[in-house]
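Just below is one structure, and these are the notes that go with it.
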Amino acid sequence: MEKLVTLIPLFPLAGFLFITFLGKGLSKNFIGGIGSGAIFLSFVVSILVFTTQMHGAHPTVVKAFDWITAGTFDIDISFLVDPLSAIYLLFITGVGFLIHLYSIGYMHDDEGFNRFIAYLNLFVFFMLILILGDSYLTMFVGWEGVGLCSFMLIGFWYKDMKNNDAAKKAFIVNRIGDLGLILGMCLLFAYTGTLRYDELFISERAIGGLPTEVATAIGILLFIGAMGKSAQIPLHTWLPDAMAGPTPVSALIHAATMVTAGIYMVARSSNLYAMTESAGDLIMWAGILTSLLGATIALTQNDIKKVLAYSTVSQLGLMFVALGMGAYSTAVFHVITHAFFKALLFLGSGSVIHGMGGEQDIRRMGGLKKHMRTTHLTFLIGTIAIAGIFPFAGFFSKDQIIAVAFEENKLMFLLSLVVSACTAFYMFRLYFLTFHGKFRGTHEQEHHLHESPAVMTLPLVVLAVLSVVGGFIGLPHAVGESMHMHWHWLDHYLDGTVVMPALHMDLNTELMLMGLATIIAVGGIYLAWLKYSKRGELALEDKDITSATHKLMLNKYWFDELYNAIIRKPVDAISKALGSFIEPKIVDGLVEGTGAATDAAGGKLRLLQSGSLFFYILAFVVGLIALLLYI
Amino acid sequence: MLSEYAFWFLSFVAVFSAAGMIFSKNPVYSVLSLIITFFAVAGHYFLLGAQFLAAVHIIVYAGAIMVLFLYVIMMLNLNKLEEEKRSLWSKSLSVAAGGILMLVLLAAVQRTDELNSIAAGEFNAAMGQTKNLGNVLYREFLLPFELASVLFLGAMVGAVYLSKKELA
Amino acid sequence: MELYHNITINHYLVLAAVLFGMGALGILFRRNAIIMFMCIELMLNAVNISLVAFSKMWNHTDAQVFVFFIMVVAAAEVAVGLAILMMLYRNTHSTDTSVLNKLKF
Amino acid sequence: MKEIVIISLLGIAVLALDVLKMRKLVLPVIMLGLLGLIGVSIADWGLNETPFAQYGGMLTFDNTALSFTIVFASIALLWFILAGDNYTAGTSQRTDIFALVLFSLCGAVVLSAYTNLVMLFLGVEILSIPVYVLAASQRKNVLSNEAGFKYFFLGSLASAVLLFGISLCYGAVGSFELKAIQEHLSGGFYSPLILTGSALMLIGFAFKISVAPFHLWAPDVYQGAPTPVTAYMSTIVKGAAFAGMFKLFGSALQPLPEAYSTAIVFMIAITLIASNITAVVQTDTKRMLAFSSISHAGFMLGFVLTASTTSPKYLIYYTLTYSIASLISFFVIQHVAAIQNEDASTDAFKGLIKRSPVMAVSMTVALLSMAGIPPLSGFLGKYYVITNVIEHEHMALVIIMVITSAIGAFYYLRVISAIFTPIENAGRIMVSDSTRRTLAVLSVLLVVVFFAASLLELL
Amino acid sequence: MLTLILLAIPLFAAVLSMAAGAKNARNLALGAGILELIITLGAFFLNGKEGSETWLTFNREWIGPLGISYAFSLDGISLVMALLVALLLPIIIYASFNRTFKSPHYFYGLMLLMAASMMGAFTTTDGLLFYVFYEFALIPIYFMILYWSEHPNKAKITLKFFIYTLFGSLFMLVSLLYLYNISGSFNMQALYEAGRSLSGSEQGWVFAGFFIAFAVKIPVFPFHSWQPATYDSAPTAGTMLLAGIMLKMASYGMVRLVVPALPEGVAEYGTWALALSAISVLYASGMAIAQQRYKLLIAWSSIAHLGVLSAGILSGNAQGIQGGIMEMLSHGILSVALFFVYDIIESRMNHDDMSKMGGIREVNPLFAFLFFIIVMGSVALPLTSGFVGEFLLLLGFYQVSPWLTAVAGLTVVLGAVYMLRAFQSMMLGPANSATQSFAPLNSHEKTVLTILVILIIALGVYPDPILSVANPSVESLLQGLNR
């Protein structure tokens, strides 16, 4: 059964190749069918693989072919099937399929339709490699590959330079993280002599002998990679810009799958992180800071996709908080639920944008619930899910994080409650401003308003369902017990693959925490309702904003400007200085100078050849004297 | 005894007239001074028992070479006082360089203790005589002697070539 | 080593060195090509004196024969040298060596 | 012995042909004679012939001497072919010049075979005196006169110094024989007299081979002398001087005292630096090549420095390869300058590739060989020097050699650049077929001699 | 035997080309190139087979007493390098069909001569012969630039190029001779032993000599200043030969001579060299960012990549060297590809000022697509050939010097900065009046680019044939070095 795993990435690859090389002139529906079909096939195989894993099959490595051999360094392209990769496979292919489906509708009128589907297929291919790779290096292939696809998809509409800039930014910022990851791999290899998970964590436990400092260093370096990919402070700035890409891309890559690669990687390395406290602390702090930052910025954004983007940043931060505290399976849990509801939200927003003819500013929307019923309903479900209302998916995963934080670190606990409150507030702000009130757009837009086609709404519905029930894979003890269901199913499933924290929480505390979380979320929703629905307040136009904090948040804490000032401008200035001064004047100047000096010396030395016989004789005699004196 | 005085006398004459040659302003005087030097040198040869050489020396140098010099001077009409415009600087430089060279050479040849250890063999008074010299020249030095003719031939051809008037 | 009454080889070497040095000084001091030329002859004579003295010292004739060859060479040199000099004079109307400065640098 | 006889008779025969008005025959006779010389030398191979041995023979034609003779004879042969164009056939000027060259060549042979200081002196003079005349041989040309005079005058001075050195050595040893000198020094002790004497000889030779600080004459003379003569001077005269010097320092004055090594190292160093750096600023190619010739002398002096362990065959190799390159370059300069008013500046070479491809390519090959770029034989020559110098652990000198080689390449390449720079309306330069063929053969030889370097081991 | 054939084919073809005249010169050259490739592939096939020794090695005495011989051998490393030559030669020749040259028979003759000398350098096992080939390669390229360049300043540029590299390689000669002085033979094995018998500081000095030579040619900061101008002035085929193959002689020299012969010299006294290599990466990247012109940009980017190459090889472990070998091959292909892109652009726009372009993707999507893959190869994206090499190099380098690796690793970031910027400003955005009429690729350009792109991806996805051929040789090279 495991042998089949090779097929999983092959289907999307085949889809990509087919569409790229043979897709010319074929109908869009056919292309769309090929693209989605490929993913669907992968999904089917993934289900098979997942079932075997669920039933306790042993982790297996399936080798595809030899890749790199260099002395003792030996890496193949091979795939590791274990519970972690299996569950990732499942939701990636699943969500991926839905988004492909959705794209058929969303991109139908775009001249680059084929290209788009092909890229998406390629993306899924790389994402699957990332997940399936049996070593850090193979994972890195996927890691960079998804970065590449992200680049291509962000800059999909390449005629607009702004999109290209955003794409470039995403790629470069990711590359900074990748450098960390590469160095981390180097360090890991230098100490353990391998990069294969199997040898590192399972069969030979090669990481066993690592000194703590080294483990910390490796952990930090790998986390730098994760920072880039999963948009953590200080490498988060690319993600909101990445919304320049078509919305399905934002849903698939920049919300559901790619950005959670960092979490996957850390979870994959849980054995390593378990060896070091400090790396975990770093991750935790980076996570919570990112989370707060994202949440606060999201409060003020007016672009529907930007709000969701910052929300993603914030949620990713929360996942890292969980990772930092050692609750790896919890983070994975949140990854999965987040994939459902965030994909739903993005697709919903895409539907909105589709309906609005490309408008993304929520100040120009309002009252859309009348026009787009399915979208409205599913969007609401997504919003409730992310806000963390029982029994929606987000509630359970977020609650679990809060619970862990309560156990581990009270400060984290408080801060995550703050994030939780903010989330509820800004999501409902978004919801109310978009779907409630009066329509604030132009007449043309109003006229144009329509519900999206079924191919787009169907994924919304499916995702909405998942957003409701997705949480059941990780029911808390208290709930599970009372509902006679598997509780902490995911934890049990992943046990042995990732390190499990020893949580000892009694039911009362658990219930108390759940209650607290709900209250906070409801509080946030209430405030939003009060402000934007009851009082009908609107978001301020940019020019009306006076409050300093508001400005700060609206401008994303000036991060871009800061980076411009401390990195980009100096680099430009330095390279300019290199080009205009150091190279010609110093480095090459030395070379040319040597030539010129030789020339000058020649100019002086030739004067010795004065042509005067007297001087020649004198030189002769002097030479004679010198030699005789010397001897 | 006599020969000792002769040495000093001849040496004095040689050096003095050599100086005369160098510092005389009239080239003709220089030639004449040099001839005197040559005579003094010939005297030394005689003192050293090289009678034949002394004679040849006079004949070749004083008789032939210096006459040639004189001839050239006359022909080029150089027998007048000639002003050599030279800076004091270059003059003193040349005197200094020449003087130092002389001193260095003197110092070098002074350190010849090893020669004192050479046993004075039975002096062969006949060594410098024509017969003896002829024997050596035409036996051991036959090859160089013949080669000298090549040298002469070359010099002759060269001198004639340079003096020929025609063409460029 | 005494060559004859109180006169050692050193005396002759000193004489030779002095004459040689004077020749060198003369070459430097004068610019008239003919005089300089004569100075070279003086230097050759200095060498000859030393050789004859050595001949006496080693009680061997070959140095004297060598002197003979030196004279030969000197004569040949003079012949060629004066020919060059004459030719030069024909072209430059001078025997002053300071006019020889066309070739330089 | 036969070698000397042949070469002397050849000179006389040329004069006789002149007198007999059979000047057309001059060149063929010379060819035949030189081929005969080469043949005889090959026939004498390994015989170690010492003529007049019973009288203490003053020449020994051992294999080294014979190979030098062969090299000199071959170079001379080529020289005659190439120079044939430059002197109008049938004039007495031509025969005179050719006779002088042959006499001079006789001196070169003597210098490679002498075993006695008397012969050394005679050889040097026989070699030099005709060349003094040759340098001045453009009688109406003041530059040529000047060159001849400077060369003659300084050469005489150097001869005097050399003689004084010989005299002092004789004083210390009591014999002119190289063997006797070597026996005298076998204990490794240098008495002050012989130390001074050999120092003076060193200087005498340093002048002849033109190494600093006794090199100042060379650029002037090379530039002023008629170009074929310059070619002759930079090949055979220099090679013969080296042959003589190597013999003296390699077989007689051994072991070389420490002070000498240092002095020679120093001389090499300043030679290389002064010549190469000065060459960079030269515009006249002939003068530039004169400096290059000095620089090569500096390299070849490296063989003398390491004479105790170096086989003379490497010196022979260097001489041969440098001579070939030198012949090519000087004769190309001659032809290029001849048609543009004796302008031998670098600019005169512009467009040569179009104007005369054979000359352009052979000149390029020659210059690259001089620069020491493999696979041209000039590289192996330099390589031999550097290996030997490294073996003697003069690392500083090696570095100087290396750096100055790079500087050297600079001025050679400048000429090459000019050769390949196209110019407008350039007329072709016509040269005789024999010259063209010879140049082509010579440049091919520069490559062949590189790959066939193993033949050297036959020596 | 095969080694001789590999050497003889281009040599013979060069002579033939020069003799046969202009008419069919380029087809002759292409034929020779393809024949060379076929034979190299044959050698690949023979590698490791029973009794292949006689086919893959050749040894005859040259200057016996001096221990110099005509010795060639195609071991794994040499095979890969031979492949580099044999693979790129026909591509470069075919790529140059785009242009017409004056006296093409000489042009292609020189090209083939150069290929012969590079082939020789890559396959010889004699130190001196290596030097000879190494130097000789300068001559043809020198003339190719001098005679066929249209750059107004070419005389000065070529002069600088020639002198600078000659200057460097003379130091190599000194070092070689120093080793030879101990070993008495130029056989590489003997040189290794000689080198290892030296004390650490002596090794350091000998290494310095080698490094200067190689650093000039590779080039490594601060010995690079000849390079951008030379690339700029050379005709594109010449630039391809230079950047694609010729510079690899230096890095190959590091692999073949420096690492096995001077382990202590590099490890203990060679940190400065590693530091220079790392600085080289930063410096050249900075310069690349500052460039306005595409050709100069890729010239600088080449320096940046080669800085990593030099550092990785000098780290002297299997990863570094394997990475080096892979990177040499990959960088060769990528350089040829990048410069071919230049050629295509230049032939249409008559300039390569990036700020005046834009929107070519819109006009010519195929070209943009192929170019994009090349760019991705250049930024070392996994599954392109660039990645395998670069990662292994960094991996090797890291084991020696983590901090410097972090510096050198910035190429990962900076490379993306300048390459993407170049791609973006030329290909993306709206088309302007100049790029509007950007002509489609002709079939010949398509062929070349497609072959290159396929190679880039194929070697990235499945580099195993290369790596596994080189691996045994690398291990035997490193045998006896306790690192």
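Letters A, B, C, D and E mark the chains as written, and numbering starts fresh at 1 in each.
We adopt the following convention: a residue touches a chain if its C-beta (ideal position, glycine included) is under 8 Å from a C-beta of that chain, and two chains touch if they have at least 3 such contacts.
Remember, predicted model here, so these are calculated numbers, not experimental data.
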Joint neighbours of chain E and chain D, given as chain labels: A
Chain with minimal offset from the mean of all protein Cα atoms: E
Chain pair that, of all pairs, has the most C-beta pairs in contact: B-C
Distance from chain D to chain C - Cα centre to Cα centre, in angstrom: 27
Inter-chain centre distance, chain A versus chain D - centres from mean C-alpha coordinates, in Å: 77
Whole-Å gap separating chain A and chain C, where each centre is the average of the chain's CA atoms: 96
Length of the line joining the C-alpha centres of chain B and chain D, rounded to whole Å: 31
Sequence positions of chain C contacting 2 or more other chains: 9, 13, 16, 20, 23-24, 27-28, 31, 37, 57-58, 60, 62, 65, 69, 73, 76-77, 80, 83-85, 87, 97, 100, 102-104
Of all residues in chain E, the ones touching two or more other chains: none
Per-residue multi-chain contacts in chain A, two or more chains: 595, 606, 609, 611, 613-614, 617-618, 621-622, 624, 628
Every chain pair meeting the contact rule: A-B, A-C, A-D, A-E, B-C, B-D, C-D, D-E
Complex contact set, residues of chain D against chain E: 353, 368, 371, 373-375, 379, 383, 386-387, 390-391, 398-399, 402-403, 405-407, 409-410, 413-414, 416-418, 420-421, 451, 453-454, 456-457
Footprint of chain A on chain C - complex, ascending: 24, 27-28, 31, 97-98, 100-105
Sites on chain C touched by chain D in the complex: 9, 13, 16, 20, 23, 27, 33, 36-37, 40, 43-44, 46-47, 50-51, 54, 57-58, 60, 62-63, 65-66, 69-70, 73, 76-77, 80-81, 83-85, 87-88, 91-92, 97, 100, 102-104
Complex contact set, residues of chain C against chain B: 1-32, 34-35, 37-39, 41-42, 45, 48-49, 52-53, 55-62, 64-65, 67-69, 71-80, 82-87, 89, 95-96
Partner chain C, residues of chain D touching it in the complex: 118, 121-122, 125, 129, 132-133, 136, 139-140, 142-143, 145-150, 152-153, 156-157, 159-160, 163-164, 166-168, 170-171, 174-176, 219-221, 223-224
